[in-house]
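Each in structure tokens, the structures are laid out below.
In the two complexes below, chain A is the common chain; its partner is chain B in one and chain C in the other.
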Partner chain A sequence: MAQCTLKPDMEFVRELQAAGGETLKKCYQCATCSVACPISPANNPYPRKEMVWASWGLKDKLRTDIDLWLCHNCGNCADLCPRGARPADLMGAARNMVYKELTEPAVVGKWMSSPKGLPVLFAIPAVLWLVIWWIRAGFNGGQWFPRAADGRIVFGQIFYGDYTIDPIFMITFFGACFILYKGVRKLFGMFKPEGKLLVIGKTKPWYMHLYDVIVEEIITHKKFSECGADKSDRKIGHMAVFYSFVILAIVTAIVAGGHWVGKVIPWLKVETPMPLTYPIKVLANVGALALLYGLGSLTLRRRKLNPKYQASSFYDWYLLGIIWAVALSGVLSQVFRLMDAVKPAFCVYYLHLVFVWMLFAYLPWSKLGHFVYRTAALVYVRMYGRS
Partner chain B sequence: MSNSILVVGGGFSGLTAAIEAAELGYDVYIVEKTPFLGGRVAQLNKYFPKLCPPSCGLEIQFQRIRKNPRIKFFTQAEVVGLTGQKGDYTVKVRISPRYTAPQNVDFGLLASTLEGEVCSEFEFGLGKRKALYRSMPFAFPGRYVLDPAALSKTDAVRLAGNQFINLNEQPRTIELGVGAIVVATGWKPYDVTNLTNLGAGSVKNCITNMQMERLASPCGPTGGHIVRPADGRAPKRVAFVQCAGSRDQNHLNFCSYICCMASLKQSLYVAEQYPDAEITIFYIDLRTPGRYMNVLEKVKASPNVRFIKGKVADVQDDPATGNPVLTVEDAVRGEKLTLAYDLVVLATGMQPTLSGETLPLPVSVDEDGFICGGEEAGIFAAGCARMPLDVMRSAQSGTAAALKAVQTVKGR
Partner chain C sequence: MATKIGVYFDQQNIGGGLDVQALADGVSKKWGDFAPVVKVYPVLANAEADIQADIEAQGLDGVLVCGCSPRYDWNLYQFPGIQVERVNLREQCVLAYKNPDGSAAPAGAAPELLVAMAQDYVNMGVVKLQKSTLPEGAAVEGVKRVLVLGGGWTGLHAALEVAKTGYEVVIVEKSATMGGHVQNIPTATPLSAPWTEPQESGLEAKIAQVKSNKLITIYTSSTIARLEGQPGEFTATIATAKGEEQVQVGAVVLSTGWTPLAGKYLEPMGYGKLPGVVTAGEFGKMLREGKMDAKRVAFVLDTTLAEEAAKAQAAAAAEAAAEEKPEAAAPAEGEAETPAFVKQDLESIKHLGYSNSVSGVAALRLANAVCDKFDGAQVFILYKDMVVQGLLERYYKHAQNRLGIMMTKADVTDIARSGDALKVSCANTLLGMDFDVEVDMVVLPTGIVPTTAKDAVVQFAYRQGPDFPDLDLFDGFTDSNYICFPYETRRTGVYAAGCVRQPMTMDACAEDAAGAALKAIQCIEAATRGVAVHPRSGDLSYPIFNFVRCTQCKRCTEECPFGALDDDEKGTPKPNPARCRRCGTCFGACPERVISFANYNIDQIGSMIREVVVPKDFQTEGPRILILACENDAYPALDMAAMRRKSWSPYARVIPVRCLGSVNAIWVSDAMSKGFDGVMLLGCKYGDDYQCHFVKGSEICNRRKENIAETLNRLGVQPERVEQLEVAIDEYDKVPDMIDGFVARIVDMGPNPFKGM
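So, the complex of A and B:
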């Protein structure tokens, strides 16, 4: 057997422990976890190998490990782990490290890794939207809490779509897309095995594989069921959040599209605020309710976790927290608007914008990045013939 | 004030403690819960370090007890109460009825004609026993024991008139005055029904290491033939699953010290009977303390024994063949294996008898059930009640406890 010298990277081990893998050193490599995992393949099982890489601080091994992304974090391995080493948490922690390091600029990843970064992360959009509020208040004759001519509360008077919300969010959205695109390119580069791979037989282009992943895995949440029937509350909660995001994305697209297209083709125009019975508004509120339900069940599940087997890291709570903040501030700004409470309505709407911006702008470094990176990894394994 | 010593438990460490103290000139009482002395060692086929049959070491101990008038022992007896203090204890012992006459009447013929049969706890469910029985041929005391619950109606009628059997015998309680106490309550095999991922004891032809000892023992249920319990077939492929419920926070949180050696020993049993058998030992780490390393070398030299690093985490029954199917990751090659065997042995660990039970003695146990402390009260733990040990070290700890007990009662 060839010999090689390993250099343990203790700094990396400590970072992993801080990112949710605090118990990884308890592992004694019995390999129970790899058998307990219902979806790890026979020829390349996980998470036992990830546990030993982690305790030796083998950063490159973990970063280039595609199996991190195949793990759906059900915790079966942790339930059977004889040492309480919590392999499921390690897989999550390693993913968190990838979010942190893969995406540029890396300083955001650092802020995102602990509660200490929260003030900066909050301050950036808070200042941004405050400046906009201040400027627009000037346009409204110095009124910070204006009413429309007919006395209604119209958020657009301050946070005017055409010049404020839309351009800022478009830049944010496409910026995040670009950062994610770069991240995925980098991720694919890291996954690429050394040497040349010969594929015999027909191959499909990547977008066909993407289609398969979306249809076979994401829409159905199939892997969640394969992760063990007793975890079905997790599947339903995740599905509720996932589909509410899809619904709210559609609503946003229709509203934005209706607004901009409406400038050219007037009969396609969508006016905001929409009446409560308007189909798009109904859809939006259905999405909001699904989001609250899903968030509630996922939060409850995390609170009920037995720390002997699984725990929650800052990354987990940040994501749940920011979505809660978006959902609650969104719902509340509508409620205050309908209650005609002008000051709370604007304040809460301002916070809503801050939180939405945080959710999207920091997406590539947050746990939410998994929806892109995991999808990319799932596409990659299919391209290379693994399932 | 008393200078007698009480030994709770008649296994190897308890017997050793009792004999050592008695041979130093002190009166000793042994209180044993089961009907016979010898404890877990009596259930083994062979034991370390010399791989003797248990008759070898136990016979000597039984002889020494028989010849020494200072040792009195009570079987089917349990300590139910304790008063007094160090140097002057009064111990209440409850003795269950044996129902047979004190003379060593040979009930062998009568027993074999009885109808009623129950699962033998001595054989770990692999064999049956009659209502009148001895656990094994050299059982000590040699006096038969009657289990009325196992009698059929006809059996009961037949035994009713027997002058050497008294079905009306009642339990009685006696009081003993002692100055010191040795607690040698020993261990029990960890309950496999807790091991849900290893079949929880319901997979055919998947046995425990203690069951393997009974299969291999010449006085066991198969006369020493290692065969599959479900169909009596000779196994060709045998697997040993190490750390079955040991070093596991969900089961026994400690290493039992003896299971690796037990499996190595048992692989020799199999290889001796079936030189062609393929044997696989699945392990996390092999623990072969001190000179036991030689045994590992010996087993490793055998061409038919394979070692795979990886803990078996799943055992299923294949109903078509009756073969247990194991799933394990070979941690060296990084491959998940699913393998079928004719016979699978779970190397379960030792759980202290006191785990989940309480003795009416002022001793404290740790979270696993091992005795810690009590010495200030003149109560000394010996053998596997203190920590997992092999037979040799159990005997040593028995001697140590005897010496401490003697020092406590000396001159009183």
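So, the complex of A and C:
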């Protein structure tokens, strides 16, 4: 049988090194990492094999590797690596490469891969929302910082939900969903081994597996616990951020739903801005506090990492940074609004919109993509009898 | 011969309930005027001044210290011009004692058997002194000049090291230029900290340094035609282009290096058949000359393909030889007298494997060079075992970090042509799959074949022939028999360094050169003082021949493990004391007992044997067993066993010997006629993987034992009464059982028929 001929891609190795895996060449294949990993399967463990594929520039092997997504990045492997090759970072870097190249337009992935692309990424929503501000200022008699008739600050005067925020975010949201859907399809195609795969025994449809994944793993953050008890601050931090996203999503859904449904069924109408004691508002602020707590804890954890074992790539800092920006700008715009500081309030709210848009629009190319791709991988392995 | 001795008992180091005063009184009574001073001290170490006073007052010429083993307190009791002997009453008498039934000695007064044993040991000590004289040494003039054979990397370093000490150096280099194989190396492996970056070898500077040194004389295009004499006064005959020239030298550093393994061994890997398949040596040369333009290179360190082919070939050859067995060519009568020396070619596929640790580093070095040359280079290192010695581990790690260098353990199953490229097939790799790689060039390791595998490079004018003995044990490498003495060869005064000794990297060669240079100087100094250089460093004694009784049987000249003895046409031995290592194998061999050392001789040990009181009644008083123990390994093992509270039969008496090779058959006869029931020869393991300090001693002893057995048979004594047992120095836990087992076998056999006669 003809064997495959390896075609090492040195450029890929360079890119991996740039994406957070700069120490990957140090690996001498002792497999301590695979032994140290609490969640790696016994029969085909990771991340040793990923290390050698990376070192040899085997791009296809690494890109199509489902194990990248099963890794939850606890860093046990990196702590025990005798050569300081930081396998956890390599796994992260390989995931970053997937974010970068999986979905079109690839140019966004390129911008997203280094701080150099940041100005462009920022400029797109900044211009978009500035144009809207300018147009709406025209509607408000040329006033860039208008007040409502009763003197309150109402952001909706400028960033009017019906015609600006809602349509733009709808398009953004569904666009991102579509891109992610395409990404997941592509990912499933890559995971699929050569030849035919036969699953023996009872099979379930994918959505049942998705339900299992969500109930058994995501809600409980089970894998985080399996990664090791000493990493509990990571689990709590991640859970806080995760649930704050869930809460804020619910709030957004209620507000948007209340707005649009309220147009038909008036008693379901939700007015914004809401009073501070309004239950939905309370929930939103609880979510914001949870987000701040989670972010603080995750950021501190990253700051405390010993660079000998684990480092943080641009992808890590971008995600933390953009969520920080969203959270702070969100909280501050509320604070300024309540303080009745009209100019800062509008400016910060404007920034908030820019950051939120960045968070969602660039999601498929950013580290936040993991919530879709990892979930997809977890579903995939369950579909084929691995867990 | 000591004429008047003092006997001193060190009470604190005896114990065991022995009545030391009674022992002392016994000595006075038995030895009378020969031992005018017999004293007991509670702590003898404090009484050195007293002993010195006794020596002066009584005119003593010998001191016998009875206490602990001579292996302890060895720095005490040294009196200039006085012979000092030690009796080991602590370890091998009191501590080793147990009752014949195996129970421990009762507390309180010493049992009778222990007292008898102590008396025997003390009396043996007295006799030993009585039969011993102070050695004087056989000093030679000592030419302060070292011959360095081979002017390569190692030779250059050795020459400079020697010259640094003020000694003269003569370098003899076979080729027209100095520098050897390093001339073909593009860059050297790291030679100093931080051991990560390749460096320039600095060969030209080194050669210039050697050439400008006034103490160093260089002969290029020259070889050694003959080396005769002994350390301190060798005469080297150098064959130069202009004719022969003689130089006096004191010692020799052998740094003749290596030659590359013949290409035919690499043919199964495509060498010589596929263009683009070269050896590491050739690849280095191509790089150096700028002729290397391959961007994809595979270094194939797994040489299984070549090894398997060689194995199959050898098997086929053996089969063919078995089929057509030629009539054994009977040696023509008369020619057997002096068969001409024929050098056996020891080059083999094995050298490829031996070179692995150097080949690995060479691959790293050349791989780095390829990456330096081309930015997008892809270099594969396919190894079976990646061996990188010493601090070069850091170089290895550094190379691993380099983009473009890809390493994996692999079974290389095929090297073939594939279009314009070469295809290397790999199985069992770290990548978890079998795969091919396409490359422009394949580099195979260069096998290091020591020059001594091909030629007798030193050309000794020795009785035992022009070459080193038993080179086949090391497949032609002039490696040392001792792990702790790396530069030793079987020819005293010749010290091997560099790749002629073992395949090694350049940094190791330089270190080796320094070591061998210091050994050469040490050897000249020792010869000048008339002392042994190794392993009995500082021993003044040497074999003295009483030629009147010599029958020219040649046993001594043939058996000397170091070829120290030459002979004349008639076969009369010609001793070369400076070549001698003082093991006594010669006198063990001599049937006429014409050889002796001043402080170690046939009569001395024979008299000690006869001094043991052997009871007539075997049944009630037990047997007596003589143990002749090698003092290098077996004797320390016994001491250690005793120190760890192991004990053995009280019927055994231990006499240390320099080497089992020095055991003369007459001692066994002495013991048998004295009434001993058994003789145990306790020495080192022998065979190819031996550990004997004198290389051949225990092996020779074993051979002689067969002759002894024959003699015993003739006398009607069971030959099983003499047994040789092998023990290593760390086998203290086994040696008591060996003794007890032997004693049990003797008890079963019954008494020596000669007992009481």
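Methods note: the second predicted complex is superposed on the first by the 382 of 387 C-alpha atoms of A that agree within 3 Å, B and C clash if a C-alpha of one lies under 4 Å from a C-alpha of the other, contacts with A are read in each partner's own complex, and residues count from 1 in each chain.
Keep in mind that, in the parts below, contacts are C-beta pairs under 8 Å (C-beta built on N, C-alpha and C of every residue); 3 or more make two chains touch, one makes a residue touch a chain.
All figures in this text were calculated on a predicted structure; none of them were measured in a lab.
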Superpose on chain A as described above, then tell me if chain B and chain C fit or clash.
clash
Give one of first, second, both or neither to describe whether A:256 is in contact with chain B, with chain C, with both, or with none.
neither
A:236 contacts which: chain B (first), chain C (second), both, neither?
neither
Just to be sure I read the superposition right, which of the two partners does A:35 touch: chain B = first, chain C = second, or both, or neither?
first
Classify the contacts of A:80 with the two partner chains as first (chain B alone), second (chain C alone), both, or neither.
first
Regarding the shared-chain residue A:55, is it in contact with chain B (first), chain C (second), both, or neither?
second
Of the two partner chains, chain B (first) and chain C (second), which one does A:128 touch, if any: first, second, both, or neither?
neither
A:43 in the overlay: touching chain B, chain C, both, or neither? Say first, second, both or neither.
first
Is A:8 contacted by the first partner chain B, the second partner chain C, both or neither?
second
Looking at the overlay, does A:331 come into contact with chain B only (first), chain C only (second), both, or neither?
neither
Chain B and chain C contact sites that coincide on chain A, given as residue numbers:
28-29, 49, 83
Per the touch rule above, chain B residues touching chain A in the complex are 197, 243, 247-251, 284-285, 309-314, 327-331, 334-338
Given the complex with chain C, which residues does chain A contribute to the contact?
3-6, 8, 10, 13-14, 17, 25-29, 49, 52-53, 55-58, 83
Partner chain B, residues of chain A touching it in the complex
28-36, 40-45, 48-49, 80-84, 308
For chain C, which residues count as touching chain A in their complex?
376, 378, 397, 400-404, 406, 408, 423, 425, 430-438
